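Next come two complexes, and both contain chain A; in the first it sits with chain B, in the second with chain C.
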Partner chain A sequence: MTIANSSRSRKAKAQLFILRVLAYLFIGILVAMCLFFFVMLLLMSSKSNSQLQGAFSLKWGGHFLENLHNAWNDASTNIPRGMVNSFIVAMSSALITTYFSALTAYGIHVYEFRFKRAIFTFIMAIMMIPAQVSAVGFIQLAYKFGLTNKLWLLILPGMAAPVVFFYMKQYLESVLPLEMVEAARIDGSSEFRIFNEVVLPIMKPAVAVQMIFSFVSSWNNYFMPSLLLTKPEKRTVPIMIAMLRSADYSKFDMGKVFMFILLAILPVMLVYAVLSKSIIKGVTSGSVKG
Partner chain B sequence: MAESRRIKHRKTVSYAKWAYIFIIPFFVSYILFTLVPQLLTIYNSFFENYMNGLQQIGPNFVGLGNYKALLSPGQSGTIDILKYFGNTMALWILGAVPQFLIALMLAVIFTSARLNIKGQGLAKAIIYMPNLIMASAFSMLIFALFSKVGPINKYLVASGIIEQSFDFLTVKVSVRSLIALLNFLMWFGNTTIVLMAGIMGIDQSLFESAEIDGSNSIQVFFDITLPLLMPILSYALITSLIGGIQMFDVPQVLTNGRGTPNLTSTTVIMMLNNFLSGSKNYGRAGAVSVLLFIITGILSTIVYRMLAKQYKD
Partner chain C sequence: MSEVKLVNIKKVYPVIERNKNKKNVNGHRTGNLQITDEGVVAVQEFSLDIADKEFIVLVGPSGCGKSTTLRMVAGLEEITSGELYIDGEYMNDVAPKDRDIAMVFQNYALYPHMTVYQNMAYSLKIQKASREEIDRKVREAAEILDITDYLDRKPKELSGGQRQRVAIGRAIVRHPKALLMDEPLSNLDAKLRNQMRAEIIKLRERINTTFIYVTHDQTEAMTLGDRIVVMKDGYIQQIATPQEVFDHPSNLFVAGFIGTPQMNFFDAELKLRDGDYWVDVEGASVRLADEKQERLKANHVEEQAVTLGVRPEHLLLADKGIAGKVTVSELMGSSRHLHLTVHGKDVIIIVPSTGGSGNYIGSEVALSFDGSNAHVFSKATEKNLEY
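Let's turn to the complex of A and B:
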């Protein structure tokens, strides 16, 4: 009996060991796939154009700084200008989106008023309408009023962000005790001060996560900016990257192209390297009620 | 009693004012930048309105003319928008099938107490990373790596796998595979994390009692995990489908907006983009948007119902 038992448990142990090895292998392959393209990008951006035109090699090219210098000072693409434009748009969008979403969520969460339910249902309903549906009218109005090439036109629509609102509303429900608002009222604080000085600090984790997400989505946004920003000095990074694609490759420095791509994704990668934990946490709490 | 109720009543009224003040910016912005443009889009779809060279044509009311033109066969005998919708769906499915299968497997592996996988934090951080990459830059990278003179071709030729360099961007299967690969890489990590949260939300005692009953892992997966994960899985699937219908950046940049070969990788939004960027054909673009709105509207209603249900619980 005991012998049979122990042999069974040994068999189970061996099985578990094999399963574990397979699981690690499976994860390892997927992790390697994700890393492959970034390793290749780094490697290729270290090669000179002639190295890239020549035979394939996995050796470090040694022209990284030279490519960086060439890409940064390329007058026809003007990537520094693009990065500044992208930064202005992404940073302002992130600030505006999170602040006004939190404000709206707070307004609906703490106050009792007549259309409370109706308004909440309405915001939930418009949440999934794709941005492209309003694009035609938006572009037409922008051209009509001469507002193309105005960066603020890409920023202000962020004030109404149903998805961020929904996230903030859920967060408020889980963290904000209404007694705290009452106490602040008794202290004589105005409603605006209560929001800015009591509620907003409590919401810091939610605000931080949503700021990152809206910064990233705005930094990466290509569709609308490409239709609105026609002047070279107003272009954002994604537009510049897409334009590289239409360049004539026989005359192009490919080392520089890889460097442009690296520069385009670098800011987001740096933020991610520091904050990956809270970003990953934010992925689930936004979409699924935990 | 009556007095206190009146005071209370007055109090809520005065606070309600603040609710409106706080939500006004949201609604002003929504009306100006979303609702009005949306209504204008619908309005446009009933008008002929485009640039013919430097000459402005219209706007002239044409009723359902734009819709008719969109839904009738063109010179080549095919209905363009249906072809592009078919392309979009094919591209989505090619990426979404491996995305969901692998995410499901990963989520089960990561959450399994028996396997007890170490180093999860790092692995999750890496597989989620592509989701944050600029889609246009990622596509450009794939293009530069897979182009006819790119390093992948050089490697394949040098190692004798193929005799001469292969132009990935001229063959339907390879273009579609590259787009699917990109979409898969960008989204499977995100789906894994969402599904993991779903599995961890399942009552742990169910797994324990199944183990006592002697169920193996495959039985546990099909009898407990999968059925209880269904709401979140279908939510993730439909949101992925809505995102898939809006596919633009990847095929646009990878094929330089041409949908090579033979417009087999042109998506509906690429068609919309062509109407908007070239001839400023607001009429035709409006009709495309309205059709898109109807399709996503139906899907969104399903998602909304799910969310609303979840929200009530």
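Let's turn to the complex of A and C:
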């Protein structure tokens, strides 16, 4: 019996082993597919223009620092300036979007007031209007008031973000028992303080997710900035990259271009790396009520 | 350390479509609550004087308005009409934070991102107490509740019982005028609940404050309360000491709600013989005790058909009396519960367990009771005729 048992368990073990191998193989392929483009980009940005014109090779080009130097000091684009501008806009709108959406969601979730449903429906309805439609009026307004080339004009509209609001509200409903708010009220906290000190920390995972999303979409945004920012020193990174296309082709340094793109995605990866920690932490510490 | 006075308090919840998250914690439905044009009347005609340092328990079945009453005292729920005074001050429109009360919730409602220490310190921090004072008070409260070892932990690293201690600690740390508790033990398992109940009795001796305690569990009410308030469908049924409620329940509802197993009810006749009140039930005839005679006489109660109530522990096996047949016998250790059928109705009695196996099932028995343990209720109003 023991022999039969052990042979059966050996068989089960072997099966498990094969399954594991297959699973890891599958995951490995997925990871490779995701990393492929980053590796290629890194590789390309290490090559000189002539290397890039020649045959494709997987060898490290060795011109990485040179390209970096060229890209960083490129007179016509001024990438450091662009990155600072982009970062200001993306970070501020990420903060503003998530904070005010969370605040609105909290208000709708916790308070009872007249026309609550109507207000909720109204916010949701805004979601249906394509950004391009409202953009026309917005841009006209900006030009009429002479508000072009103001970075805050790209930041402020983020305050009203129905999709983020909706996400925050759903999240609140699942994690925030009203008793917790009431406990804080009895503890003597003011309504605003309750939001900042009790509710916001609980919402950290949701805030992190939405901050990543809005940072990325704001960082990559080309449409609005291209219409509102005309002065060179106000340009954001996507505008600068777009401008490269129209640059003089004879002076086109492809190595520099790849370096530009690498620089452009770096902050996004950085923000993701920092914020994703609180997402994972949030998932594992999920239970609030217990 | 203060008196709380409620005068004719009423609460009406407007009937509006509530979103899911507003559903009551217990998820119960509106039972026999009065519904008017304005909405659901959750509590009405609630008047109560709570003395300084008194332990008041609100008890009643789910949905009877206990939490609503407590929440109105806390200021979490608006008072529709009536007056609330704490230490003589009119409190109806005062914000919760300015009432100087503390509250413990059924689901603890601890702040999950703060440590136990921070949870307890939060209210003091808001009051801008000094670091030393906060530290002293938190440690003092932690000492009382025996949670000093957990001060650096987060709530999620604690068991249910420990969390409830922390919740109580958070409430007592700033020495509130009144400590409100809404079913604080309901989320705990039976053993822990008994243990915590004893802890609360001890706690009460160590911190001198007024307690208002809500529970649906009559055992908790009987063991904890100086006085208990029995509620049903938004109305107070009786306010009295546990002993008084047990011995003289004001109506059928209270009689049935307090005490386990439930009081037995029989159809009976109340008779006057030679100026004395007798109950005739199923062939047995019992003279009521003198104390009851006086109460009934004072009320000029007339002969009538009544509902007779006798508690299981007061029904005795006798040679003759109410005839019944044993259907179930449960040994509870020191005593035995016998379920009988008396004229098609179920009756429970408690008899001492005599050691032997005692085959009761199927046997015909007769029951009697003492005149001091008989409760007579009006058929029409269901009120105890003594009142």
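Operating definition for what follows: the second predicted complex is superposed on the first by the 229 of 290 C-alpha atoms of A that agree within 3 Å, B and C clash if a C-alpha of one lies under 4 Å from a C-alpha of the other, contacts with A are read in each partner's own complex, and residues count from 1 in each chain.
Note that in this section contacts are C-beta pairs under 8 Å (C-beta built on N, C-alpha and C of every residue); 3 or more make two chains touch, one makes a residue touch a chain.
Just so it is clear, the model here is predicted, and its values are computed rather than measured.
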Figure out whether A:Gln53 sits in contact with chain B (first) or chain C (second), or with both, or with neither. first
Just to be sure I read the superposition right, which of the two partners does A:Gly188 touch: chain B = first, chain C = second, or both, or neither? second
Give one of first, second, both or neither to describe whether A:Gly146 is in contact with chain B, with chain C, with both, or with none. neither
On chain A, which partner touches more residues: chain B or chain C? B
Figure out whether A:Ile202 sits in contact with chain B (first) or chain C (second), or with both, or with neither. second
Can A:Arg245 be said to touch chain B (first), chain C (second), both, or neither? first
Would you sort A:Leu178 into first (chain B), second (chain C), both or neither based on which partner it touches? second
Where on chain A do chain B and chain C both make contact? 112, 287-290
Seen from chain A, its contact residues with chain C in the complex are 109, 112, 117, 173, 177-180, 182-190, 193, 198, 201-202, 204, 285, 287-290
Can you name the residues of chain C that touch chain A in the complex? 17, 20-22, 25, 74-76, 95-97, 101-103, 105-113, 122-123, 126-127, 155-156, 160, 163, 170
Applying the document's contact rule, which stretches of chain A touch chain B when the two form their complex? 16, 19-20, 23-24, 26-27, 30-31, 33-35, 37-38, 40-41, 44, 52-53, 55-56, 100-101, 103-104, 106-108, 110-114, 116, 119, 123-141, 143, 156-160, 165, 191, 195, 216, 219-220, 222-223, 226-227, 237-238, 241-242, 244-246, 249, 254, 257-258, 261, 264-265, 268-269, 272, 276-277, 279-280, 283-284, 287-290
Touching chain A in the complex: which residues of chain B? 12, 15-16, 18-23, 25-30, 33-41, 43-44, 102, 105-106, 109, 112, 114-115, 117, 121, 123-130, 132-138, 140-145, 147, 149, 151, 154-155, 158, 185, 188-190, 193-194, 196-198, 201, 232, 235-236, 239, 242, 245-246, 248-249, 252-254, 256, 269, 272-273, 276-277, 280, 282, 285-286, 289-290, 292-293, 296-297, 299-300, 303-304, 307-308, 310-311, 313
